[in-house]
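Take a look at the structure set out below.
In this document, chain identifiers A, B, C, D, E and F correspond to the written order of the chains, with residue numbering beginning at 1 in each.
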Amino acid sequence: MSSIPWQDKPEGSQDIVWRYSENPIIKRDAILSSNSVFNSAVVPYKDGYAGVFRCDNKAVQMNIFAGFSNDGINWKINENPIDFKAGDVEQVLGDYKYDPRVVFIEDRYWITWCEGHNGPTIGIGYTFNFEEFFQCESAFLPFNRNGVLFPKKINGKYAMMSRPSDNGHTPFGDIYMSYSPDMKYWGEHRHMMSPTAFKDSAWQCTKVGAGSVPFLTNEGWLMFYHGVINTCNGFRYAMGSAILDEENPHIVKFRTQPYLLTPSVPYEQIGDVPNVIFPCASLQDIKADKVTVFYGAADTVVALAFGYISEILEFTKNNSI
Amino acid sequence: MSSIPWQDKPEGSQDIVWRYSENPIIKRDAILSSNSVFNSAVVPYKDGYAGVFRCDNKAVQMNIFAGFSNDGINWKINENPIDFKAGDVEQVLGDYKYDPRVVFIEDRYWITWCEGHNGPTIGIGYTFNFEEFFQCESAFLPFNRNGVLFPKKINGKYAMMSRPSDNGHTPFGDIYMSYSPDMKYWGEHRHMMSPTAFKDSAWQCTKVGAGSVPFLTNEGWLMFYHGVINTCNGFRYAMGSAILDEENPHIVKFRTQPYLLTPSVPYEQIGDVPNVIFPCASLQDIKADKVTVFYGAADTVVALAFGYISEILEFTKNNSI
Amino acid sequence: MSSIPWQDKPEGSQDIVWRYSENPIIKRDAILSSNSVFNSAVVPYKDGYAGVFRCDNKAVQMNIFAGFSNDGINWKINENPIDFKAGDVEQVLGDYKYDPRVVFIEDRYWITWCEGHNGPTIGIGYTFNFEEFFQCESAFLPFNRNGVLFPKKINGKYAMMSRPSDNGHTPFGDIYMSYSPDMKYWGEHRHMMSPTAFKDSAWQCTKVGAGSVPFLTNEGWLMFYHGVINTCNGFRYAMGSAILDEENPHIVKFRTQPYLLTPSVPYEQIGDVPNVIFPCASLQDIKADKVTVFYGAADTVVALAFGYISEILEFTKNNSI
Amino acid sequence: MSSIPWQDKPEGSQDIVWRYSENPIIKRDAILSSNSVFNSAVVPYKDGYAGVFRCDNKAVQMNIFAGFSNDGINWKINENPIDFKAGDVEQVLGDYKYDPRVVFIEDRYWITWCEGHNGPTIGIGYTFNFEEFFQCESAFLPFNRNGVLFPKKINGKYAMMSRPSDNGHTPFGDIYMSYSPDMKYWGEHRHMMSPTAFKDSAWQCTKVGAGSVPFLTNEGWLMFYHGVINTCNGFRYAMGSAILDEENPHIVKFRTQPYLLTPSVPYEQIGDVPNVIFPCASLQDIKADKVTVFYGAADTVVALAFGYISEILEFTKNNSI
Amino acid sequence: MSSIPWQDKPEGSQDIVWRYSENPIIKRDAILSSNSVFNSAVVPYKDGYAGVFRCDNKAVQMNIFAGFSNDGINWKINENPIDFKAGDVEQVLGDYKYDPRVVFIEDRYWITWCEGHNGPTIGIGYTFNFEEFFQCESAFLPFNRNGVLFPKKINGKYAMMSRPSDNGHTPFGDIYMSYSPDMKYWGEHRHMMSPTAFKDSAWQCTKVGAGSVPFLTNEGWLMFYHGVINTCNGFRYAMGSAILDEENPHIVKFRTQPYLLTPSVPYEQIGDVPNVIFPCASLQDIKADKVTVFYGAADTVVALAFGYISEILEFTKNNSI
Amino acid sequence: MSSIPWQDKPEGSQDIVWRYSENPIIKRDAILSSNSVFNSAVVPYKDGYAGVFRCDNKAVQMNIFAGFSNDGINWKINENPIDFKAGDVEQVLGDYKYDPRVVFIEDRYWITWCEGHNGPTIGIGYTFNFEEFFQCESAFLPFNRNGVLFPKKINGKYAMMSRPSDNGHTPFGDIYMSYSPDMKYWGEHRHMMSPTAFKDSAWQCTKVGAGSVPFLTNEGWLMFYHGVINTCNGFRYAMGSAILDEENPHIVKFRTQPYLLTPSVPYEQIGDVPNVIFPCASLQDIKADKVTVFYGAADTVVALAFGYISEILEFTKNNSI
């Protein structure tokens, strides 16, 4: 793996997480057919990186596309969406696919996304090489969004966070954990994280959803998530972090009362859906104490943010709600 | 088992399903603490019948109670709610329990109900004797209602219908089938049945939900379900029937375009929630060609309706949408 | 024509309009297939009466049916809905038909109703003999309901009242007049009557709609209309009267601040939609000073009410808003 | 004062509060102009009783009327509404008046009601003799309903409960206490009582409002209040009791988790607004341990219920939430 | 006529329709009183162009104004709104006027717009010289918007597209065609075009409305229309094209699944209503194969876009839904 | 006092009120912990100015902070929120504080703000020196916002404007005046100002709220207020002015039909809540005929606007609705 995309903290900055100066790294017309490219996921792959990208086409149909990069910043996204073959079942063809996450577990790359099946639910697929993809049984009954797998089994079982939803813009939302022995049947549903009271932390008072795939630190699993406030001019999405118990990751040890990142630069404030920051992946170099977050901005483009892992852990513990 | 509760079709009646002349069989004050008793389930047990009853108390808290009867008509309901012990997990204490169904599979009586767990989902429990009860992992993530199990495994797996919902009065609703190898982990979710177009069959155009436990006939599984229309004065619930494929019961072969029963007598039209007919169980005598439906009326009382199985099958096939 | 259905005012009654003691005159199961029969219209025909009836079937599909009566009270309704032939156009097949009105103009009986055509609009048809029916172009674009024709041309043109609506339960509604030279093209739209302010006359503060076909009196056209209030338990429909200018009937000279009839007997308070009184037709004997109103009750049955024309005119003038 | 209206508890009844067998005591047409008479208040007056009654007229305009009774059961209500003179201000003429309460303090009878003034707020007036009435400044800014005064000053100030509302059907509602040195300027607003969590006591989970004027017992002030649940067929109103601290009555010591009375007889379940019980006054004979509650039923009529004070206190303490 | 406003396609662009580099051509303060100028219509007139402009004043009152230009880019708009004289009727004074379209038919310029008359409906007027204007009967009953006439009679009748609406922000909307023999009475209403399913073409899944006046090509009538998607931050308006049958233009032969133009530059993304592209007129030079679209941007300014007619026809046919 | 912040009207401008060229004067990160600083109030203090600022922190919790400036443009805001001591009562600790106003009356600086107390209401406090602050009883029952005091007693009583609200985003809102003899008990509530009809002045048709503290001119009290329109993309806030009667300031003599300022530059159009101008204070130099308005922009920053008092008075009188 090449070193992760990185830029040092700007001189004098007091921020825990800071933006890449050349944001956005992927523009709305990154491929010929795209209206927008955002809410996308990446993983280290071979000497560089591979990713799964949400590209809405110019009919604003949502689908997911594979892409590749040497440095994690400059990406080549395939012009055609991923063509899934049947995995553990006869192929289930969804109405649409969006908001992918990717994680390597044991021997393959697992992909989860929001799958249209009489309403949104969590689609599951895998690949060994980002060329051939296999679609499996969807994880849950509708309506659900933001399914995020853990990068290793927990107590012998696959573990997935998700957010039960309704079939519209969903003015509520808690994160739950579910477990599975085989990636096919799911159960042991545990409530993990609720929106906060308005007076306690307003940026996450309407709903919350898992964002990036958690990674293990000496404090537990570190995850970036999104929180939403419902203003008189619509939803505003910001980003926080949470530390989950290593053994029982549905136990939230700490989560940030302040956001780490809120829409405040033009590519986050202006676009198809103004005022959205939506993290879907992170790359980390544990030894170097660095983490790079990939997030969708304004439902239109992909951007990067950086932080020192130790600072984020410290901040999360010291500013927990 | 004693013969099922029964009353012959009234002379001259053209109805496929008709009401018991002494309805309601269980009144709102059936037990000392009850505000209302409705949406309840029964099964043959020993020489008579056992049941699980939704009794809302006078604080309008919802819970489920065991009860017993010799004839299926006169019931003795326990004064205290069912006290579940831990089944396959440490005890999960729900916020509330309502709308139970009961079914015997292999060696025990399984109970499903609507379980309060940060919103409604499907609770699962079992008993061998209606005295000692065990609660298991809930089947799905919230929000869900109307979980109904099949009385035998399908292709080696437990099969359950349910209706994904939101956390309010839910102005939409389709029935799905899910499968489980072990009553703990659930997957293979299949869409079964949608509300109809208003112009095709208005009584079931807002939402539908599984009602009684299906039973096998020579045409396939026969089930009674509820359908809802949203009038300018609120929801109205009526009852229809569906025939499901024997091997793949998520395939609906026929379902009634007309209702079989709609609120039209005082105990269905007046009560805590006017204009509700809500079937939760049936008893059948296949040889005698008789079926007796137990339904909640106006969210206040329990009532009975009768039909000849062959007539219902014929009607469902000939009047299918 | 036989004398109109009639019952004298009960001794001691101070009511301007009173109910028939044998109400409802048509029950919900008046024909074999019907779930309910209501909101229906009648006219004198030959030696007796003919009518067009809204019969919702047991799939709660809405359609209109012809019927006949010698005395206006006992009705024989056809078992099959009206089968329209093409009138001035190739046949326009609607999704549904409901809430008919009937009126004789010049040489034929014109029928208007709520026609399903990508939402509700005003269907128009005619018959010479209540056996053969012809459907014409719909009058307006969707969404519209309660189209009521005047019984003669006004200044050489057909005149129709209607109530622009939305495609749901419509929480607003004013009556407009429109004119047509040929029953095909409509224009000269005039605003007629709005809901009242809550504090002025609450029973008609949410919406109003034309009811019966107006008839000419020495004070102008007399019409019965419905008004709606939106309570915390849904819409309640009551009935008032209005006097329209003879020459320019879109000018409302008087309309009742008090209702004439509000739901207060069981068949109006209980049914498929509780608390509805919905007038659709009247029969009058001008010389005898008598008028008989046909109204739907609780969206379930048809009922009658009576009044002396002179008393109603006097009351409308003296209690006008 | 004559003895209060009374009927002993029916043999075998386990109820804490029971209905009068001849309910409703005041029917919807109690006066010539009335559509309905409900939500009304009474006090002992001279040798009998006086009251202020909500009579909606046949235009469904809301106003309040004086009435008199010898026995508290048979009432003579004035045919004309109360004609207020200017009290401490130039006369403030409201758009409408409804839901009165009456209480004697020091030297006069104070009346509070819901006053229309660009939306509902709390009107205040007084009388010495139920013949001449004076209207004062309204207590609060809109939007407010259910203003109920205490029968004596608390720490030298007038004390009033009320429920801040919105200008529609208000799907929320807490009871607050406010104080005034002079019945003109109000402050020291204290939160008193919230709706309960759905799972704790569902009948009062949507909103609560003060009902009858509190009276002093050896446990503190005893008050009957209404609680509301929002069903899929609209709001249902039931009645509970609360015990308030004698010195600081904004402190709720106990309140009933179960209701005392819920709509379950026809005159409560059927009417202009089905399923409403709305207490507005009580008469008590402390020595005889008796209390009689006056409540509006179905927004249509007035009814009575009875109880033993000591039993109600005991029940409230033992079943408090 | 001068040659139409034009700019060649930018080198290397793959767009079918491209923006004018000097957009917006009319700014929000184009006249002294204006808050914004947008959603406006133009036609060739004498040696140059004339137009009717929506200028909201600084009280945000909506009215329409005449304007003139030599080149179609630089406009001189009158400081006073159009002062209509009575056309075929006594003058009907509307509450407001907005979103005009203009078309020359036979001997005069017809103007249609959204006319306030107890809610929005379609106003009609004409002029021979853009100095004297005449207002006619409104075309339809409320509620309606986006009335667009065809530039010649179809089968001897005037033809108008419109979109039935409600009286608010209208979360639905289909295009209908209506016909008139005389521009006064309208009928023969035909359904033309619905919103698409979300999964098929999301940018037009909430509502659609006619935009520019159609013009005849060798494939049929070509029209630009707007489509709307309802995001969690409000409505987003984009532009597509449709080809209508020459003889029966209510038959839509093709319509673009992808949009042609979506808000993606600052003057479309930022303004009084962010993210709006709203086409109201086009100028075409058939021989030169060029078309220029006039569209409102962000409900604040007027902008231009260009395309080759043959390319647009080809694209519409090849990417039709 | 130093001279007020000022910039002359730009050459050629026809505006009555114009923006400061260096806006915004306070940025979102003005203090270390702030997410945004907006909707804030200032007064002359000693040789310069003091103010109370709404700073939402990075958990988007709302609180108010003191600050100081020599020139009214460059501000030093305290890093810690105001720590109120108990004023006339035991300290009432609110859930949150926002949107402050400040005014000097007699001997001290009074502060009003939106106080969280089971929903928003009007908090009151005072200070003599902007170092020590005292919190008093809240003025009203919830729900209320935008409480603005007059700078001197009116007829011997304190006078406060406010806007009764609901507990959400409040789609309605009128300004009322209330009076108090002692800043503790409030009464004599008078309706002042309603939203306008959409067709009369659309920018203020949804709700209005008091803005800056009124100051006395030779025409009466001059106040800047905000008005709101509900677009399909959310609320838009603009600013107008009103002239109130000197003796009876609840009488509105004039108010501007046009806005004085509407969001039209990037810092007003883009931010946490786009399209918001929200005036909270003004500084005036009566002799110099100058007024400077402080307003929050886009719920993110603080900005200035200027005007000549005589021009504003003239404009308000000549353009009154």
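In the analysis below, a contact is a pair of C-beta atoms (placed from the backbone, for glycine too) under 8 Å apart; a residue touches a chain by one contact, two chains touch by 3 or more.
Source: prediction; values computed, not measured.
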item	value
Neighbouring chains shared between chain A and chain D, ordered by label	B, F
Neighbouring chains common to chain C and chain F, by label	D, E
Proportion of interface numbers common to chain B and chain C (over half same, under half different)	different
Distance from the mean Cα position of chain E to that of chain C, given in whole angstrom	40
Two or more partner chains touched - positions in chain C	233-234, 270, 274-275
Graph class of chain-chain contacts, one of line, ring, star, complete, other	other
Each pair of chains that touches, named by its two labels	A-B, A-E, A-F, B-C, B-D, C-D, C-E, D-F, E-F
Chain A residues touching chain B - in the complex, by the definition given at the top	89, 117-119, 121, 137-144, 162, 164, 166-167, 172, 174, 176, 178-182, 184-189, 191, 194
Chain B-facing residues of chain D, complex	14, 198-203, 229, 231-234, 236, 257-259, 262-264, 266, 269-270, 274-275, 321
Chain F residues within the chain A interface of the complex	28, 32, 35, 56-62, 95-96, 116, 169, 233-235, 270-275, 299
